[in-house]
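This report concerns only the one structure given below.
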Amino acid sequence: MSQRVREILSWYAGENPGVLTNLARMLNHGRIGGSGKMVILPVDQGFEHGPARSFAPNPAGYDPRYHFQLAIDAGCNAYAAPLGFLEAGAAEFAGDIPLILKLNNSDTLAKIEPEPAVTGSVDDALRLGACAIGFTIYPGSGSRNNMYQELRELTAEAKAKGLAVVVWSYPRGSGVSKAGETAVDVAGYAAQIAAQLGAHVIKVKPPTDHIEQPDAAKVFEAQHIPIGTLAERVRHVVQSAFDGRRVVIFSGGEAKAKEDIMAEIRGIAEGGGFGSIVGRNSFQRPKAEAVALLHEIQDVYAGAGTGAADRLLAGVAS
Amino acid sequence: MSQRVREILSWYAGENPGVLTNLARMLNHGRIGGSGKMVILPVDQGFEHGPARSFAPNPAGYDPRYHFQLAIDAGCNAYAAPLGFLEAGAAEFAGDIPLILKLNNSDTLAKIEPEPAVTGSVDDALRLGACAIGFTIYPGSGSRNNMYQELRELTAEAKAKGLAVVVWSYPRGSGVSKAGETAVDVAGYAAQIAAQLGAHVIKVKPPTDHIEQPDAAKVFEAQHIPIGTLAERVRHVVQSAFDGRRVVIFSGGEAKAKEDIMAEIRGIAEGGGFGSIVGRNSFQRPKAEAVALLHEIQDVYAGAGTGAADRLLAGVAS
Amino acid sequence: MSQRVREILSWYAGENPGVLTNLARMLNHGRIGGSGKMVILPVDQGFEHGPARSFAPNPAGYDPRYHFQLAIDAGCNAYAAPLGFLEAGAAEFAGDIPLILKLNNSDTLAKIEPEPAVTGSVDDALRLGACAIGFTIYPGSGSRNNMYQELRELTAEAKAKGLAVVVWSYPRGSGVSKAGETAVDVAGYAAQIAAQLGAHVIKVKPPTDHIEQPDAAKVFEAQHIPIGTLAERVRHVVQSAFDGRRVVIFSGGEAKAKEDIMAEIRGIAEGGGFGSIVGRNSFQRPKAEAVALLHEIQDVYAGAGTGAADRLLAGVAS
Amino acid sequence: MSQRVREILSWYAGENPGVLTNLARMLNHGRIGGSGKMVILPVDQGFEHGPARSFAPNPAGYDPRYHFQLAIDAGCNAYAAPLGFLEAGAAEFAGDIPLILKLNNSDTLAKIEPEPAVTGSVDDALRLGACAIGFTIYPGSGSRNNMYQELRELTAEAKAKGLAVVVWSYPRGSGVSKAGETAVDVAGYAAQIAAQLGAHVIKVKPPTDHIEQPDAAKVFEAQHIPIGTLAERVRHVVQSAFDGRRVVIFSGGEAKAKEDIMAEIRGIAEGGGFGSIVGRNSFQRPKAEAVALLHEIQDVYAGAGTGAADRLLAGVAS
Amino acid sequence: MSQRVREILSWYAGENPGVLTNLARMLNHGRIGGSGKMVILPVDQGFEHGPARSFAPNPAGYDPRYHFQLAIDAGCNAYAAPLGFLEAGAAEFAGDIPLILKLNNSDTLAKIEPEPAVTGSVDDALRLGACAIGFTIYPGSGSRNNMYQELRELTAEAKAKGLAVVVWSYPRGSGVSKAGETAVDVAGYAAQIAAQLGAHVIKVKPPTDHIEQPDAAKVFEAQHIPIGTLAERVRHVVQSAFDGRRVVIFSGGEAKAKEDIMAEIRGIAEGGGFGSIVGRNSFQRPKAEAVALLHEIQDVYAGAGTGAADRLLAGVAS
């Protein structure tokens, strides 16, 4: 195993060897396996945004098997999806790609204070051969406590059973403004909350230079925390997750032009982000294009990781 | 064991030996171990106030290991933090400092009637080697019953498994005014409620001379309860916790000048307070300065405790 | 065992021998043990009203052990208190006085529709050696169902484990006026509800001659139910609790002059009340005075009970 | 409570107040209540030896209610019996006498390595209002482990629910000779085993001067342990139960002449035994005679206990 | 914490922080705390050999409190005993000495294939504030599987709840000869079995130069494994426990002369043993003599441990 992966695992000392094994499975898999960076394919948009919005731009994606194959072909570290999508391919692709079972999901039909439904179990994750559970929390929601508490119980169970825990921490709800959802102070706060709740891998949105909370604004100013560039903001968010001792990755957001994506990826990599989780920008493109894009993204991250080059050169298998 | 610690343990007769052992572990540890006084380092502000507000003034504190080391270097009796912070260091620092796992936490993003989420379990506390669970209640909140009832269940389980129970009793919510949160009558009431709920160690804020409740005001006047000085007010609060037969400690509050802190500490010590739990005023200072401050605070308390001098002189190990 | 106690136990045929044993323990204990009457010391005011309002008039009462000793010295049938107060003395006074663990409590800080928090469990009662659980319901509260349903579950568990059930039935909340809280029709109704919920011992407030419900007023008038004197009103309330086949006792209310108390006690005794539960009027007086008052109250009740005289004359121990 | 009972309870520090309360109930009840000595009526012979052998000599004893009344009339500290016998009278005599529910029993029909069947539960004891569970172990039996392990589980549950634990420790089975069953070394060993298993009250047979184990014989000789008189042997057995810090009582054995019984009782009392548990010698005599005998036995023990005289003189009720 | 203790803890990476904390508590406590060596006082002989054989030579030991005090006065790392002995002192000595609750025990009365009874639970260990559970296995017994399987279940539970596991591995039963019980091949095998079953600390008897198994004898000869001196044999046993990466300590055996004891201790220390667990040779001597002997033993071990001298010189408290 590369020194860098070993170093990362050392941050989770105290977790049992099963958890470490599953973290290592994801960190060591795919084109940049061993670099300490991760590029993950997530496909929960069918549930979250509806099928037409998600799959009509590239109808091959209506078939759940498409996404397994895409993640494999693109050499991703892992593939994350809700219960139904994983059940529809986990047998066929067993052993081909680390899986993350997303255990809660929202649809956009109900108009409620944001709170996803728990749609899977830790036992489902074991049954499907997943390496990790995934879970979304919405800091800022009036229903925050329900999510935190559900996560706490699922995390305890997952860890006891040797699974890793990946948390989507997306501020949302009556407590934050629309701009505040991606404000740099709020993004850092969201990363901190996920880490305090015991997450091993934390997914946040790329932060903007907006500052939502007046009390935080005073501190950013007084302490001269630089937030002018995306790299600076990413650095703050990564620091907010236990001084960089938790794996923080960034979502790709809505579909956009390739140059915009790559600029964002470079910013994240420069700021010390641990990788990306790229959904719509992958599966809404034609497959060859998507694979090429994901490779390009991986190359940016591999360049930032000292172990990656060695590994790629040596052709060492995970 | 010092006579004073034995006397304190006698107040908890009826608890099982495991609970007594863990109380003793905290009372006996650190620079003033054995004096019957306690100085605790709590670091839950990352969760409660956000990482920038908490750690930017002294960025070393973004790293969870920093606080373990600070508590050790400063000779504190214990270190209290939420799940993620303890998980991030409990293996590395195993056996070096008694731990208190805070089992519920709030963030400031959601705008709800104050109610923390339960973010850990008694089994987590055992798994992490903690001596005690910590829990926050907000008397005055419309969600009070949820907190009291969660605490009741966690307390029963913790005691059955030999752990001590530390309660943060912070009046807050629609039932109390801003001034009322630290009013002397409310602080005494908060201490009483925590004691009635079965807490072994109770943490309240230093009380002001404001009186919030009209019915209480009449009694304070009629009975000539002195509240002119901090020491007098602390005495009332300590008396309110079973006539001083529960360990009541006081929070340090927001960051302030050292002279102000020390004046407050002397007031607490003079009034019979059992110690302090000093977060921001510790970890937001440079480490050497923080250690010096905590030592100075400990010296004040040690001076107030008859067992302390003996112990320090005799160099007796815990 | 006296004939009267045996007769009272016969009202609870169908309950298991454990429940009967614990009812007998309370009925047989103390100065009027065996008379079929009960005088109980309850001290939950520290939680319900705050410590200063409760204990400042007689500061010895800040110490939980004071109330155990007071109940013992006064020869009460039982002592009732919340978890913390019982935990603080149950080991030291083990076997000296029957205990009632109050399983729910309110504070006056939160401004909510009246609903106490559940603050203890049936297993706590067993662990502390209590003879009974106590529980408060607020008929008239919009949160009534929560309380009734919690009581139902706790009652089922307590009875299965051989404990007696004492219910404080205090009309309160948005459904009743201030005057209605002690109206004679409402007091009778409160006693009936507690009995229907399975209570063995029911505590209500002494009723006034106010009638709260118009429909009830018509019946009181049509049926010429006498309510002119306290004795008459007490008779109605006792009749409302299964025609006197449930033990109904009356609270002492706020502190007042001794003559007023004794006049009230005589009214209750004359009306067939089964006894009193006297808190503030006991522990807010100096101890000797409190003991003398409680003895005087007991003497009134003992005079009203045919078994009492025999017993006191014969000096039979329980 | 008498100083002596309080002293005895102090030996069980660490047990919860419920356990202490139930121990106190037994120690404080009856004619010698408060003396620290106990005389208990046990009637399990119907199960253990069969009804004719047990009850034909005094046919009134076929009726389970007879034994409740006998224990009450004789002023015993407690009455112990199997499930059926207690179920047949516990409601009628609720509150009149502390009960011990024997949770395992053997009959003499099966020819097996000695091992009683578990015939009741801790919840049965609660349901019947018992103060304690009783349990028989047969050290020396090849089935020893089953008994020890059943006892361990029942003891843990009983203590958690506030009940005391009384253990009949009767060496028997393929590992000991007939003479060895009452050998002084084996009796001491049996008392030690019961104490190590967590018993509060231990019942053994009066020891003879036979020594069963060769290794023990060497020690008795080398250390000059006196075993010439019953008092000396009782002293050794009591010492063997944690240096006298567990309540050890002695069985009466088979029916015999009154003078023989009283001589034995005097020996036990002189040797520091805590009392007797007298079955056949009580209930196989006519009732008046049995009551007189039990009173005489109690008088011997009361004379040996410093608290007893005070208590009897003062007429203090338990 | 000393480097040596940290090194020892590193052998148990993968265990949760609670287990590491409790191992550290024992390794850090007492006169040689921090040296990586351990001297433990075990007192289960009352159960295992009977009270007279155990305590008559020094009758103070009949009182369970004596052994707590002896372990404290002698500065031992821990005190190990069965349930009853720990229950009889754990409250009084809470916090004074790390405790090991022995969860199974045999008496010598039954004549059965060796198999102890399970006499306590993991929850008992938590309730009593113990750092570890202790458990005896008898490799060579026909009932071996029962013991191994009970141990496996208890170990899993203990570790999940943060407790350390100490295994007494004593070959015995129909599968080994009397000489074979301490044969060097069998002792090494016993240590290996305990380690494979998940033990953290392993207790074996000092090995003789007898070789029990013919197949093992061939290997000892072929590989020229030196077994001429005790030090050589101890080295083989320690190597057999994961190449010295498990803490292996040696029993003191039956009472003997001080010179014989010290010669044995020097052999164990020279061979790399981690310490001793000395029962009869401690508590059967007069207390002052026992304390002196235990100090002398500790001095031998401290001299063999690099951390010990530093620690003792610096007077660093655990």
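For clarity, chains are labelled A, B, C, D and E in written order, and residue numbers in each chain start from 1.
As a working rule, a residue touches a chain if its C-beta (ideal position, glycine included) is under 8 Å from a C-beta of that chain, and two chains touch if they have at least 3 such contacts.
These numbers come from a predicted model, not from an experiment.
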How far is the middle of chain B from the middle of chain D, if each middle is the mean of its Cα atoms, in Å?
48
So how far apart, in whole Å, are chain A and chain D when each is placed at the average of its C-alpha atoms?
67
Chain A and chain B: spacing of chain centres that average the CA atoms, whole Å
36
Any idea how many Å lie between the Cα centroids of chain C and chain E?
57
Where chain D touches two or more other chains at once, the residues are 13-14, 16-17, 160
Among line, ring, star, complete and other, which best matches the way these chains touch?
other
Per the touch criterion, the pairs are A-B, A-E, B-C, B-D, B-E, C-D, D-E
In the complex with chain E, residue positions of chain D that touch it
11, 13-15, 139-142, 144-145, 148-149, 152, 156, 171, 173-176, 185-186, 188-189, 191-193, 195-199, 213, 215-216, 219-220, 222-223, 225, 236, 239-240, 242-243, 245
Name, in rising order, each residue of chain C that touches chain B in their complex.
46-47, 49-53, 56-57, 59, 62-64, 82-85, 87-88, 90-92, 105, 107-112, 115-121, 123-124, 128
Sort out for me which residues of chain C touch chain D in the complex.
1, 5, 9, 13, 16-25, 27-28, 33, 90-91, 94-96, 123, 126-130, 160-162, 315, 317-318
For the chain D and chain B complex, residues of the former touching the latter
13-14, 16-17, 160
